[in-house]
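Take a look at the structures listed below.
Below, chain A partners chain B and then partners chain C, in two separate complexes.
Here is the complex of A and B:
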């Protein structure tokens, strides 16, 4: 006799989600549904008719952890919709800001899972190191982006401001410091993961979190639109994916790429660009995330070296579209492939806007990846994906009577 | 109106010992000397000054060298929005110990920002020193331009320096000729309207405040208001950057004059505030 186990809310990640599992007599998960219950805010709708410059400022507010990723995907989409060529140094500054965001976000996630893995007597030291790393990441976003949270300098055409040579020197020295910290932190976390044990001694099943879906990433550190075909991305209604009772609560669409669910994020990037071997399992994602941190700092150093602090930070082409061209921006957020698409009219106003956010891709996979193991491990699968759910929540599905309001959203 | 010149620890007369500073400073060169000392001794890593552009128009600037600080010596009797650069200084200039100078209203803005750092998170930790200057009133640029060009007959591009003292506005031309004096009662109609509801004469919220009133010509009055201000001035004195003398507490031109002018300003402006409230007009308090 199978019974239902509901974990609600799931904890130690951003946003509000529930996990609905059917389990057998031994408690082994037979089917799993993971879904957002974070209220939909309707960004895409209220952007319609607004001037294009407003979009990166607005979408930054999807989330307080990944604002950089959204502003960045947004400006890339809008620039393509307007046929603009952003300035060279603007792009360097923008990538540096995006990297800073990940340099802070990855350690933050290790803080969230520390109570699962890190022995109590080592906890304080680990958290201290994590905070030092986050501080450096945020310093990048703050200095270049103009604010650590919701950086206002990310703008269509490049960045609003360049930095001074003194600021560049400070960033270089902090990136080097980050490299040292990341080496220690990465080693430390890798040892814990390799033991395959929680800090209370519980052994983690070897195949925890295994699934057979493909991985999708366009770049190791930033984003490469040439590796993504937007026409192959289709969003489905949650009713086509979840059991009806779950779908009624779910607040995200279900996106598929080339007809399949896809996993995005650290593992997808490390497998695609660094020959990382652990293509499956929850611990593999943790490991990929730990390894990525150093790559960010290395890339940041290269970019700083390339940056001309007296170069123009943005191009001054007019911000107008043709009312038809769909511009797509695909940036690797900390949690993965983050897509924004926009159409801009001849009057410079937004005609269409849509976002398929990193965690949105992962949400349907997370539930399925809990199958085959005891439900007590299910939350560890969830956390491995570092879900950022307010980001992921995009849909206006039903009216108060449960009727679909906007059919075309789903087809 | 309990305290005419606000809280303070100590009040002195002082003057820079650097002849180059004094050559073109407004008064005792306190602001310029403090900035340069701070920069050369690691107490500050950059400062905001009111420099000028074409036509003696004030323009705030982030200065990181002795030359840039020297170039901004002297008072500009028009608004220089010094606060507008604070965030840039801390963000893309990555300054960690920023020096700031401003009129009392700007110092109030700075202190408000430090108390309630909405949209200035991170910025407030990087303010190294807040210097206030005394201020009776200020002028919109176009008002000052009219005064100087129409009354004094000097083109704005030919102005070297302006000074208000002894009931007159003096305009010093670049060619070195004698300054032209405009009586204050002629300048009054050109004052900024906001200055007529301003209740602070001596930068009551600065780390230290400075002005000419109360001290002999070429010297400045320095009102040291808090520990940070005191430590800074003490270090400058110990390093021989300032010479000091006790403030004149006896005659009516010393301490008494500062108190009198401050009280006059507050009394007059309190009336204007009342008047504006009666008329249903907005006031900033």
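Here is the complex of A and C:
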């Protein structure tokens, strides 16, 4: 007899999600649905009628984790909607900021999964290294983006400011430092993943997380719109995908590309651009993520070498559209293919705006990828995708009963 | 280490401008940036003013350790303490909710727990300039502060300046 196992909320990732699994008598998952319970869709409507410049500022508030990725996708979409050609050095600076965001994000994810894999006596050293790497990532975002969280320099047409030659030298030395740390961290994590064991000794099933869906990535480090056909991306209602009782709670649409669900993120990038061999399985995603960190630092060094610190950071074309052209920005965020699409009117105001954020692509796959193994492994599949489901609000609510935060924050 | 961890004082405007009164922290940061021209203290190399949005715990507080130079953190944020909408109050670590452990998820790392942590571990002075909200629109989007909270922004900025004097 099948029974239902619900894990809610799932933990140690970003956002609010549930897993609803049907399992057999042995606890093996027969069907799995993973869904967001954080409202995100329909979010973009508030941008209609606003001046285009407001969009990158506003969309960076979709989420407390990936503001840089959203601002970047947004300005790319708006530039294309307005037929603008951003400045060369602006694009270099923008890619460097986006890389900084990922240089911070990937180690942070390894911190979140550390309790699953890292032996207790090695924990402190690993966390220390992760912190060093996060600081360097944030050094990039802060120095080039102009601020730590919502980088104000990311603007339509390029970046608001170039950096000084001194800052460039410092960034080069930080990137080299990151490369060394990433090499150590990557080796360390790869050894753990290759053992295929949790740190309590539990063996991870070899085929955990296997699925047959294709992978989608447009670039290893930034985003290449020529590799993405927006007209082939269609969003379906959750009712067309989940059983009704799950769909009622689900808060994201289900996007398909060329008629299929697609996996996005580190593995999709590494398979597409670096011939990475582990095309399936949860651990393969962890490994791809670990390997990517060095590529970011290498790319950052190339970009810094190319950067002319006295070059114009942005172009001064007018920010106006034709009210019809759909501009699409597709950026490889830490968690994958992050798409924004916009139409700008002749008055410079937004006519249409839509976003398919990275994790939205992965959400329907995550549930299915839990099938065939004991439900105790289901959360490990979830965590492999590093899902980030925008977006909670943070405020301090009084603990009326003495020791808990107001529950409305977590619902 | 990012430059903001080399500041002695960090002023963090917390909250989401998409969720009505939750945009209070951002409004205070904007006000402080306007005041920079006439207030040399705000332009000091030792002071950092950051629009922290919903990322303070991720990008700032969780990176603070024994290496960072931060001695004081001033937070501007909305609160729900059953006060009159727009009423301002100063909160210190002892006034914040006592959260035993971060057992939720990384997205929801409660600010209060982290503020307590950096205070207890690294002796960082923490003060929250809290404003009682009237309307918090989540999950709906509303890019506007209520009148009461708007009226509190200038006073809140003054309270931040007073904190810089201390």
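Rule of thumb we're sticking to: the second predicted complex is superposed on the first by the 386 of 411 C-alpha atoms of A that agree within 3 Å, B and C clash if a C-alpha of one lies under 4 Å from a C-alpha of the other, contacts with A are read in each partner's own complex, and residues count from 1 in each chain.
FYI, contacts are C-beta pairs under 8 Å (C-beta built on N, C-alpha and C of every residue); 3 or more make two chains touch, one makes a residue touch a chain.
Quick caveat, the model's predicted, so the values are computed rather than measured.
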Q: Go through the superposed model and pick first if A:296 touches only chain B, second if only chain C, both, or neither.
A: neither
(Q) Contacts for A:46 in the overlay, against chain B (first) and chain C (second): which applies, first, second, both or neither? (A) second
Q: Quick one: classify A:13 as touching chain B (first), chain C (second), both or neither.
A: second
Q: Give one of first, second, both or neither to describe whether A:166 is in contact with chain B, with chain C, with both, or with none.
A: first
Q | First, second, both or neither for A:108, with chain B first and chain C second | A | second
Q. Looking at the overlay, what does A:222 touch: chain B (first), chain C (second), both, or neither?
A. neither
Q: Check whether A:353 is in contact with chain B, with chain C, with both or with neither, and answer first, second, both or neither.
A: neither
Q. Does chain C touch more residues of chain A than chain B does, or is it the other way round?
A. C
Q: Would you sort A:148 into first (chain B), second (chain C), both or neither based on which partner it touches?
A: both
Q: Show which residues of chain A both chain B and chain C reach, each in its own complex.
A: 142-143, 147-148
Q) What does chain B use to touch chain A in their complex? A) 64, 87-88, 91-94, 121-122
Q | For the chain A and chain C complex, residues of the former touching the latter | A | 9-16, 38-39, 43, 45-46, 58, 60-61, 63-65, 67, 104, 108, 112, 131, 134-135, 138-139, 141-143, 147-150, 152, 388-389, 391-399, 402-406, 409-410
Q | Residue ranges of chain A touching chain B (in the complex, touch as defined) | A | 142-144, 146-148, 161-164, 166-167, 170-171
Q.
If we count contacts the way the header does, which residues on chain C are in touch with chain A in the complex?
A. 1-5, 14-19, 22, 50-60, 63, 65, 77-82, 91, 96-100, 103-108, 110-112, 128, 130, 133, 136, 138-139, 141-143
